[in-house]
Every structure is written in C-alpha cells, then in structure tokens.
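Here subunit A shows up in two complexes: once beside subunit B, once beside subunit C.
Then we have the complex of A and B:
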C-alpha cells in the first residue's frame, strides 16, 4: 500500500516538472501557432549549457540558473527572429520543417561536442529524502522540481495577465492584423514570446538535468512528453497544463508499477492517445 | 531548351529507367549497392511526398510503417519459413492494417497535431517491440529466409518498388482523386463544397503511402538481414525522407528522386562521419526552406517551366 502511495506522491511531484517542460511549448502554440519541434532539443541544450557553466566556474546547478536562463532568452529570441519569423505564413509546413531541421542540427551538434555519453547535473539533493512514514519518503529533488515548476507557471500566468508586455503578446496573438494596424510590431512580439518560452525551457532543462541523466538524443523524448501534457491539459490553460502534467506522470509511474518498468513510457503514450481520440481539444481546452 | 526536353521527355525518362533497370548487367558491385539504396529511398521519399506534397498530411511517423513491415517480414521468414517475397507483400498489407488502426486516432487531428500523432504511434511501436520477448526485445532479429535471394534479385525488387512508387504517384495525380487533391491543396473548404470528398482522398493516400512504404521497407530489410527496434522505428527515417524531399522539391514528382540521389551521394561521401552528414543535411534543409522553399525541382519549374513528369493535363 505504501508503495502505491509513494508512486502517487512521486507522480504529483514529477507532474510539476512535466508541466514546466510543456508550458513553453503551450505558450508558442497558443501565441505564434507554432509547434516548436526543437523544444526538447533546446531544453537539452540548456542542460548542457548548465553543465558547461558548472565545470567552468565550479558552481552548483542552482547558480547556473542565473546564467542559463538569460542565455536561453537570447537564443530563443534570435531563433525566432532569424528562422521562424521568416517562414511564418499561411502554410503550416515550413515552420514545422524548419523546427525539425533545427532539432536535427542541435542533436548532432551536441553529439559532436559532448559525445554520446550520459551526463547529469550533480547535486547533493539527489540523495536526500524527507521521511513521511515507515517506508514512505519525500524525495527532496522531486519536491524542488515541483516547487520551481509550479512557481514558473504562476509567474508566467501573472506575466501574461498583468504586465504590459504580456498583454501586448496576447493582443498580437488574438488579432495579428489588428495589432499590426495599431502599430505593433507583431514579429518582434513573437521573438519576445519565443525568448520567454525558451526561458522556461532553460529552467526545465536544468531541472531535468539534475533529476535524470541526459544524452544528446534525449530531446525528442521530452518533446513528446511536453506535447502530451499540452494535449491532455488543453491549449491556453495554465491550470490545464499543470493537471496534464500530473495525469501524464501518474499514468507513467502507475503503469510502471502495475505493468512493468519497461512499459512506463508506453502507458503514458496510451493515455495520450485515448485523450486524443475521446477529447481532441484536451480536458481543459475549449472546443 | 525546356520545350525540347519536354518534347523528348518520354525518351529521356525511358533511357533513365532502362539504365537503372540494367544496373546488375553493366554496373560494378559498388554501383549495384548504390542504386539499390537509391531505389529504396526514392520509393519511400515518393510516398512521404504523396502525403505532404499532395494530400496536405505531414507525417513524422513513416518509421512506424517501415519498422512494422520490416518486423512482419522478419517474423514470417525466420519463424514460419514463409517465402521471402510473399512475406514482403504481407508486410505491405500489414502496414495498411496498421495505417487503418492509426487513422482511428490521428484522422481526428489536423495539421501539426496529426504530425505529432503519427510520431507518437511510431514511438509506441518502438517501445512495444523493444519490450516484446517474441522478437527478442531490443537486441533485434536476424532475417533468415529458407532460400536467401541473390543481390541481383534484391536489386530488381528494389527497382520495381522505387519505379512502382513513382508510377503510383503519377497515376494517382492524373486520376480523379489527383484533381481533387490539388483542389484540396489550394483550398480545402471550397473544394469540399465543390464535391471533393476530402476525408476519403486523404485516407486513400495515407493507405497507399503505408502500403508502398511497407513493401519498400520489407525489401530493405531482406537486403540488410538484421532488424532492431531502435533503428527500425527511429525518427532518423523521417529525418532522411523529410530532408531528401525538401532538397528535391515538395510537391513535385522528380523532387523526391533527385533529393534521394543527393542524400545517398552525401551519406556515401561522409560515410565515416555519420553525425556530420546529418548535421549538414539539417543545415541544407533549413537553408533551402528559407531561400528556395520549393526545393531544386520546384524552383526550376517556376523559373524555366522545366518539368519532365507533369501531372498536369495538356
């Protein structure tokens, strides 16, 4: 029984991490109508960036946030300004294919520089637990993932609702033409949005790097997790993204518990397919 | 120039086909291998292009059909001793069944969601086969037919598959369905009100693509003798097909052929640096989308009207 409670608890905590992986994708889909197929790879790029900063400066992963998150903003801004903005238009294929090309380039670039070895961002938190019962433990690292994840999502919510820039971004996404007639540079706005999306990817990348091992090829796996969360939760809903994260993580962990560890990812995908077939707009999405 | 080429186009096409069909007679062993891969990749690229270039379906899950058919061939020949070419054919039909099952889910999605839906299916199959004892988990299966076909026979099979894929696309485009597809590509809503059955046209192309991709992959695995889930269901397949078609030209019949030729040349040239060749391909693909989004053949057609296999009626 306690094992089951443990898995449910871990699932909730892991869900917070999944939600922060997905929130950047959801932002881009919602605002720019762009599925960034390179989101997972850019996230893994930030894990490697953090690794580089850590070994250069001898700091722990938490300090690397200060360097990696701003760096990711600029990377996102320029990727949008120089690549995606040029191909945004009526057709949906070109941006998708550019993102796909970017993903291939990033993966093979990382492979070239960092070799295919497994890496992780070492931290003391990984072995710490808070005992809750006889065999029930709260892994501290998962708790940190959860708290930071929920914090990022709340911050983003406030940003889009309250700040001038956030409202400008929403205006540009609601009515591209109208915003342009009012003198808003919508392409510039999109670049900002991508920068913000990449900041969340930077946070997610460091958290993932601390929690799991990563390779140059792990990006697509997290892209699919992120996309799964977006689909399950529904677009444009911050709460939906959080709940989507919980559902996907619970499905994976309980699936691993009842069916076998090899099937962890498989059960997650199956839940995703069922949601897609029954409610394509997502549980919290508007039809 | 363009006019003259067009007048003699069937002669040109005939000579090319004849040259390609007789490689085992005139070519060295290296040429045979080179053109074997070329025929197979061109066939698969043609089928990916049928989806994106003509039906508006972006599939990132062609590897689902490639792996599924490959494994069907491996299981039938190795475990049940089925005749090798019969099992390749069954592999094609098993792909169609898979496509039908997939469409229950993914045809509810549109555009980008469809693309990722196909990919998720391929990932599911990857996990399924790598956890399945019957196919020896992730270690892979050897394909051991009772009487292994010779290289020449495999080449002819590959040649027929590649040529067949091209002919099938050409015939579909010249047919009623093809006219509907083009109307659909220009404006889906209007074409639907004008009587084009959008769903069935897309579904039909999806099944054709699954069948031909399955057959081609079956032949590929008969040639490779070994199948392993991480390779067979890997996203690398879709990367290769995508990049080849983008370079050659989306929505042209010649594009996938030219693109596969360039891909094979590049990968042979950079054979020792596999990652570099993918890196280059990614760079080339992005450059082409930014500079000449219609690819080599598409841009040529636009500028000079040069077109060998026109799907248009004159």
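Then we have the complex of A and C:
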C-alpha cells in the first residue's frame, strides 16, 4: 500500500516538473502559433549552461538560476528576432523547418563542446528525503522541482493576465494589425514572448539537470514529454498544462509500478492516445 | 477656421505596382467632423490606413497639427494622438471587454489615466460596462463596434479616424453610434468618417469629400452639395 502511495506522490511531484518543461512550448504554440521543435534542445542547452557556470564559479545549481534564466531570455529573444520572425505568418512549414534545423545544430554543438558523456548537476538535495511513514518518503529534490514548477506557471499566468506586455502578446496573437493600431510593435513583442518562453525552459533545464542525467541528445526526449503534456492538458491553458503534467507523470509511474518498469513510456503514450481519442482538444482546451 | 488638425497634400499610395491613391489633398479643421465617401475600392480605407501608419505613402505629405507624420509606424501616430477605428473592428476576440479597453491605452502617454478613461467610456457606452468581463467574441456586432470605438478612445486621441463603422449594423444601432460620435466630437475630438452610406455620413459631417478610383472628385459643405452632384461623383457617371 505504501508503495502505491509513494508512486502517486512521486507522480504528482514529477508532474510539476513535466508542466514546467511544457509551459514554454504551450505558450508559444497557443499565443504565437509557433511550434518550437527546438524547445527540448534549448532546455538542455540551459542544463549545460548551468554546468558551465557551476564549474566556473564553484556555485551550486540554485545560484546558477540567476545567470542561466536571464541568459536564456536573451537567447530566446534573438532566436525569435533573427530566425523565427523572418518566417512567421507565411506558411506552416518554414517555422517548423527553422526549428528543426536549430534543434540539429544545437545537439551537434553540444556534442562538439561537451562530448557525449552523461552529465548531471550535482546537488546535496538529490539524496535527501523527508520520512512520512514506515517506508514512505518525500524526496526533497522532487519537492523542489514541483514547487518551482508550479511557481513558474503561476508567475506566467499573472504575467499574461495582468501586465501590459502579457496582454499585448495575447492581443497581437488575436489580431496582429489591431494590436499595431493600439501602439504595439508586434514583431518586437513576439521576441519578448520567446524570451519569456526560454526563461521557463531555463528553469526546466536546471531542474531536469539536477534530477536526471543529460546528454547532448536528450532534448527531443523532453520535447516529446512537453508535447504529451500540451496535448493532454489542452492548448493555451495554464491549468491544463499543470494537470497534463500530473496525468502524464502518474501514467508513467503507475504504469511502471503495475505493468513493469520497461512499460513506463508506453503507458504514458497510451494515456496520451486515449485523451486524443476521447477529447482531441485536450482536457482544458477549447474546441 | 482654426488650425488644421490634419493636412494631406498630394498624397500617392501604392500597393506594390498598383497605385491606390492619386494626388489626394484634404484638410481637416480642428474640432470638426469630416466625411469621406465613395464606393467600394475608391481608396477611402487606404487613405485612413496611410494616415495611421499601417501603409506608407510613396509621395506627398501628411501633417498632424503642423507636424509631418507621413510614414511613421502606427505606434508613433497613436502616441501623437491619432486613433483609427479600423474596418472590420479588429477587436481582440479572446480578450475580455475590459482587457480590450486596457489594450487601447497601451501607449505609455495614456497609461496613468487608464482607469479614469475606462470610467468615461463606460458612461458613454453603458452596455460595455455590463459586459466588462465577457470575452469580446461573445458581443453582438453593434456592441463590438462600440468596443472598437471605446478602445480607440482609450488612447486619448485628438483625431479619430472611423472606417465604415456602420457596416453590417441595424439602423437603430447606427443611429445610436452616431449619437455617441457627436458626443465625442463635442468633447473636442476631431473626427474623420469614412462611409459608403451617403446620407448618414453627410448629415453628420461639417465638410465632405467624395472619392472615386483613388482620387478626390468632389468636396464641399454637405448642405451646399446637391444630391445629383454627389451621385454623379460617387458613381463616376
């Protein structure tokens, strides 16, 4: 019994991490209508950035947030301003191709610089647990992932609802010319949106780096998790992304528990397929 | 006449190879209501879009209270005090009524007085207040047009350009919208109306221009223009 409770608990905590992996992607798809296939690779880039800052300055991963998250904002801003803005609004394919190209370039760049070795962001938290019962434990690192993940999503929600820039990004996605007439420089505003999306990827990258090992080619694996969460939760819904994260994580962990560890991914995708079949717009998506 | 709010001289505008405006000159005195009428494709919307900066002129000058503004992008013209109520309204369907209005005060000049201006607009259009938190796409056509006007008012303009605001609306709604426009004009805002609806806009205007195929073919004080003159100019016969 306690094992089951443990897996459900782990699933909820892991779901928070999955949600923060997906949230940047979800906002870019929902608001700028850009499917960023390089989201996972950019996230892993931030894991490596964190690694660089850690060994450079001798700091622990948490301090690296202060450097990596702003750095990712600028990377996102320039990627949008110089790559995606040139191909947006034409057809569906050019932005996809640009993103795919960026993904390939990033993976090979990371391979060149960091070699294919497995890395992780070392932290003492990884071995800490809070005992809750006889064999029931709360893994501290998962708890941190969860809290930061939920925090990021709440902050993003407030940003899009309450700030001028957040509203302007939504307005531009609703009616580009209408937004320009209100005084919004719409090309510029999409660059900010990508910068913000990459800030969330920066947070996700460090959390993933602390929790799991990563390689230059790990990005697509998280891209798929991100897609799964977005599809289950529904496009453009922040709550949906959070719930989508919980469902995918629970499906994977409970699947591993009941069917066997080898089936972890398969069960996750089965749940994804079921959601697609029953509610194609996602649980919180609008039809 | 007072100082002119808008003075357009010898304006040419091209869409790539196609010339949409030919040597257009017009003047709008401060505090007046000016009407530009003409059939579909006469270049009326092109004219307004060029003044607001969505399009750039290839020849000629546009002066706003004596300042050259030709070719400035919309975020600059909005800042200077020109608001366009665009054709087709272009409200933000997935934002609430309130958020649409807030977007109207995006330009930094108007942000500090935002709440005050919203209050004024809710007094002018009480229906918007009752729809405050509703998504804009749930509004009726008339309400959406009121929202578009209200949103333009949020930028505290001195010149408001209205593109086909009566299009597709019931006569009783049009009447009520024109009544509000008169109120807005009484508060000192200069208005340029672009309409296909001859009678309504001529009645509302102090001065009128008739456009045909990208040129101004007739102008004058509406009461002195005969129906025959206007019809001839409008249809080009």
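Note that in this section the second predicted complex is superposed on the first by the 283 of 287 C-alpha atoms of A that agree within 3 Å, B and C clash if a C-alpha of one lies under 4 Å from a C-alpha of the other, contacts with A are read in each partner's own complex, and residues count from 1 in each chain.
Convention: contacts are C-beta pairs under 8 Å (C-beta built on N, C-alpha and C of every residue); 3 or more make two chains touch, one makes a residue touch a chain.
Not measured: the values here are computed from a predicted model.
Chemist: Considering only the touch criterion stated at the top, classify A:272 as touching first (subunit B), second (subunit C), both, or neither.
Modeler: The first partner, subunit B, only.
Chemist: In the overlay, work out which of subunit B or subunit C sits against more residues of subunit A.
Modeler: Per-residue touch count on subunit A favours B.
Chemist: Under the stated touch criterion, which partner chain does A:56 make contact with: subunit B (first), subunit C (second), both, or neither?
Modeler: In the superposition, A:56 touches no partner, neither subunit B nor subunit C.
Chemist: Could you look at A:258 and tell me whether it touches subunit B, subunit C, both or neither (first, second, both, neither)?
Modeler: So A:258 meets neither subunit B nor subunit C here.
Chemist: Look at A:175 in the shared chain and tell me whether it touches subunit B only, subunit C only, both, or neither; answer first, second, both or neither.
Modeler: Only subunit C; A:175 stays clear of subunit B.
Chemist: When the two structures are overlaid on chain A, which partner does A:183 contact: first (subunit B), second (subunit C), both, or neither?
Modeler: second
Chemist: Between subunit B (first) and subunit C (second), which, if any, makes contact with A:227: first, second, both or neither?
Modeler: After superposition on chain A, A:227 lies in contact with subunit B alone.
Chemist: For A:164, decide between first (touching subunit B), second (touching subunit C), both and neither.
Modeler: second
Chemist: Residues of subunit A touching subunit B in their complex?
Modeler: Of all residues in subunit A, those touching subunit B are 29, 35, 83, 86-87, 92-94, 96-98, 100-105, 107-109, 111-112, 220, 224, 227-228, 231, 260, 262-263, 265-266, 269-270, 272-273, 276-277, 280.
Chemist: In the complex of these two chains, what residues of subunit A are touching subunit C?
Modeler: 164, 167-168, 170-171, 174-175, 177-185
Chemist: Any idea which subunit B residues touch subunit A in the complex?
Modeler: My answer: residues 52, 58, 60, 104-106, 108-109, 111-113, 115-117, 119-121, 123-124, 127-128, 130-131, 235, 239, 242-243, 246, 250, 275-276, 278-279, 281-283, 285-286, 289-290, 293.
Chemist: Going by the contact rule set out above, which residues of subunit C touch subunit A in the complex?
Modeler: Residue list for subunit C touching subunit A: 52, 54, 73-75, 78-79, 83-84, 86, 90-95, 99-100, 102-104, 106-107, 111, 151, 155.
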